[in-house]
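Look for chain A in each of the two complexes below; its partner is chain B in the first and chain C in the second.
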Partner chain A sequence: MNTATTSATTSTTYFTRPSAVVGALVRRTMLRVRRMPSAFVPSIAMPVFQLIAFSGAFGAAVRFAGIANAMDWYVPLNAIQGASFGAMGVSFGLINDMQTGFFDRLLMAPTRRWSLVVGPIAGSIARAALPILLVILVGFLGGMNVPGGPLAIVMVIVAAAGVSTTASAFALGLTYRMRNMGAATLTQFAIFFTIFLSTSQVPLSSMASWLHAVARINPMTNVLRLARQGLLGDVTWDQTWGGLVALAAMLALSGWFALSGLKSLEK
Partner chain B sequence: MLPGPCRMAPSTFVTERLSRLARPGQEFVECNIVTTSPSAPIVATGLVRHFGSGDSLVRAVDGVDLQVEAGEIFGFLGPNGAGKSTTVRVLTTLLKPSAGSATVAGFDVATQADKVRRAIGVALQDAAIDPLMTGRELLDLQSVLYGIPKSVATKRGPELLERVGLTAAADRRVGTYSGGMRRRLDLALSLVHEPSVLFLDEPTTGLDPMSRLTLWEEVRRLNREGTTVLLTTQYLEEADQLADRIAIIDHGKIVRQGVPRDLKAQVGSPTLFIDVDGEHVDMARGILERFGDLRPTSEGKLGVGLAQGAEAVASVIRTLDEAGVHVRHLELNEPSLDDVFAEATGYRLEGADQ
Partner chain C sequence: MSSGSAILHTAVLTRRSVRGRLRQPAALTPSFVFPLFFAALGSASFSRIADRPDFAAIAPSFLNYAVAGAIVQGVLFASTSAAGDLATDIEQGFFERLLASPVTRTSILLGRLGSAMVVAVVQVTIFLAIFLAFGARIETGVIGFIGLVVAGALLALAMSGLMSGLAIKSGSPEVVQGAFPMVFALMFLSSAFFPRQYMTGWYQDVATWNPMSHVVEGMQGFMNQPLNVDQFLRAWLIPLGIALAAIAFGLRSLNKRLAAL
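The block that comes next holds the complex of A and B.
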């Protein structure tokens, strides 16, 4: 017993800037990527492989729908897919942090709770930058047309980053609730179905029956339209706003899902 | 006889302090003053935390009352699953209480969690550190989490590394650290923001004796500097060595609380442990019962609290010998925290001999 002390030492009070916490968590994500590249390589290789495979296998189908180069159709899809793979990394990372207790350290920090959600999401976007850019580069090498000019590439990046954010927030929300590896598997399942039940492979006009009905209401169809417009023609507001609304809605829902999941951990 | 200082139940800690003021032979006067001080760094009142619902409801913490005074080391002792870690998780804002209330550093853990977090340092049971990061990187991250300006962090980080003896290993990945190094780094991380209250959840579990002693010394040093420490442990020796006061928790309830010396004195008589041949166990038990209350022991042994004190040992042995009971081994123990634990819970703490 420290008998000389009748009152405990007083902590100096500092204010934690949530933006600084987000930045620190992004740096940690990138540091982990550098130190464990084996976990990152598949998320780069898969979208590039799929781009080449899809363009070869389904090229004829999209050319039948009037698209000159299959790369014009598949580059946005695979950029989005590559970005969404990061969500599984977010889920695995969070599970790992929960199992090692590192996540408790974050929870005990006197910072805004949203910074603990935005940090890993921002890290996931940073992680996704390389596969997105690599897919675009391979697209150029494969003769991708860009009638929409530089804005077309911006649209691909906006759509991919938006989907990355949404998928990562969904992954966090699911992992906060399930607290096991099953969350990563379910995240992958959800992303796969959302992407493939849209116009991912062929245009809406080529679809029939229930698949057409589902793809028509799937918000991912709007996001893909936003991403593809500049590679198939001009970038127009008509082709843009639907995608932005879809992204905003998905972001709002997944953001709420993640934040409420985090709160449920502290109950 | 003049009355001594008044005893302010239930704070045994205050009693301990006052007992030093009392003259030999003086009696305490019971004041019946409620001593739940709002200024105490840690106060829990009727704290309950349960998990699940219906038939699967588990009350991990079941009405815990405790008060940790400023500047003391408080030991929270109990076996695995007793509720120690859950209590700490509630007090450190990681879990919300199901019922009851608790304040830490004067702030309510349920409604002022952010203020509590700012005031406390926590080293949880498993050193919560990222093995891919270096010690220095983790200290930098921790500084950001607590909003410590870079100018302060660049000075404090190396100081803390020096303090816990990790300067040479600062730029190595934590995955290459030994268990003791990880615990020391965890302790350094918990001190980055100079907390006034420190929670250490089983800080030496799994450590070798040397690492354990090093950590004990660091905890004492922090306490001398004014930090209030709540330490959970399943090691009786650790509680005995470090804690000014202890609470024993079992099945979510505090079963004993006080100054270790007082608690041992309450148990009273020394315990005689004997080891006899299997066929003589029942006969030996019958004989031992004549000399005092049987006490819980590890399997294969018998224990008795000697009502007449250590002087009765010769009589016990003589009686056993006359009855033809061959004693293979005997051991006389003065009351220990293990006895306090056994008396309070009905069983001995696993690893009590560690």
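The block that comes next holds the complex of A and C.
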């Protein structure tokens, strides 16, 4: 009997349930966070510091654009950025696993290949929970307005979790292909430029020509609109669907990038 | 050992350090790319603010305002990375090989500081050339240009002195890199990226107390105001004062490390 027939007919017998593998990889990510707090603390401290710094330094810029409290503008940005830092952790973790040989053992495991991609991504989302919540908490302490009610916070979390997923999948795809620390650096660059070449600092109406043109077509602008809507007004479908489409498109592309990267690595 | 040989050793170690830095473009690139990117981003994001009548007293355009911040950011990034190289030398044993050679002890530190200053002079010159090409103008002309280059070199001396002291004391590149967020905080809690006049509350108070604000504003003076003594006092004397204290700290750390060997 060939391998394909075996896996088709007896998958429930030979394969470990993917959900169990994903769960184990998430637990492993959290264990790594606990064992190496020095690597995790900056990803909590930086978004909080940036929230305070941006609100303090650039507050006037958003106030002149008609936004009452700078926190309303910068909390979603920093929640998203804090969530995206997990992607670097994914890349570093994978490189470490490749160097120590643990990744080869994972490849030999009797499980679906996609669970090896979903596991680290789920771990990254779990890891992002703390920075996201801390940024929101600091936002409340700083007088953040929430006219959209609890749904406003849900939108911030959805956007941040979506970006965390996309960034982590991108980091995996790149690391599978490059297999060195350069992948983490490139991931950081890609995230940084994607976030900052959008409406990260000021609304579209305040921008000058080239940045306006770039930010207008940058999908991150839609994601930020999705995240910010409930802090600037009501949560509406008009402000939501564009962000969801952008997230779905980025997820599809980065997911394909990660899965094809894993396949190329196996070859 | 004579002071002549100390100068010679410092020059040789400065050259070695500059070469070492040029051989690692990946380490040097962020200190060029990020400041220029932030300046471009800031001038595009905040250009509407420059249209306000009260901004005219600060700078003719936001690009002109952003030049000093970019120079400070670039110099601080590069200086921190230079000190990281010194810590790597200690960690990898090159420092001990230097000690076994007949080289003056102080030149080990001064060579590093010299290279940070050389890199800063080149960096500030490149930055100014790029900004001038994109439409910035230096209100104080050639004197202002020289003022900015010297200010960048002195700031590099101050920051690399502090970080090198830390590198010698700890002998760990991680510790030097771990101190980097402090540099980041020092910049963001100042008027490097946005005018202090538009800040409010405690943030404005912190920025006012932060010496970095005064260094940046001295440099902004060269860019945007008629020439006056205040610009030299703020852009040159503050970094020079910090540099002297930093060199004393570095030499003390060096002596302690030598005594412990």
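Keep in mind that, in the parts below, the second predicted complex is superposed on the first by the 252 of 267 C-alpha atoms of A that agree within 3 Å, B and C clash if a C-alpha of one lies under 4 Å from a C-alpha of the other, contacts with A are read in each partner's own complex, and residues count from 1 in each chain.
Just so we're on the same page, a contact is a pair of C-beta atoms (placed from the backbone, for glycine too) under 8 Å apart; a residue touches a chain by one contact, two chains touch by 3 or more.
This structure is a prediction, so every number in the text was calculated from the model and none was measured.
In the superposed model, more residues of chain A are touched by B than by the other of chain B and chain C.
In the superposition on chain A, contact of A:Ala208 is made with chain C only, not with chain B.
Touch criterion not met for A:Leu141: it reaches neither chain B nor chain C. By the document's definition of touching, of the two partners only chain B reaches A:Thr16; chain C does not.
Within the complex, the chain C residues that touch chain A are 26, 37, 41, 43-49, 52, 181, 184-185, 188-189, 193-194, 198-201, 203, 206-207. Residues 42, 45-46, 49-50, 52-53, 55-61, 64-65, 185, 193, 196-197, 201-202, 206-212 of chain A are the ones touching chain C in the complex. Contacts from chain A toward chain B in the complex involve residues 1-17, 20-21, 23-24, 28, 31-32, 35-36, 97, 100-111, 266-267.
On the chain B side of its complex with chain A, the touching residues are 39, 41, 70-73, 92-96, 105, 113-115, 117-120, 122, 124-133, 137, 140-142, 144-149, 173, 189, 193-197, 223-228, 244.
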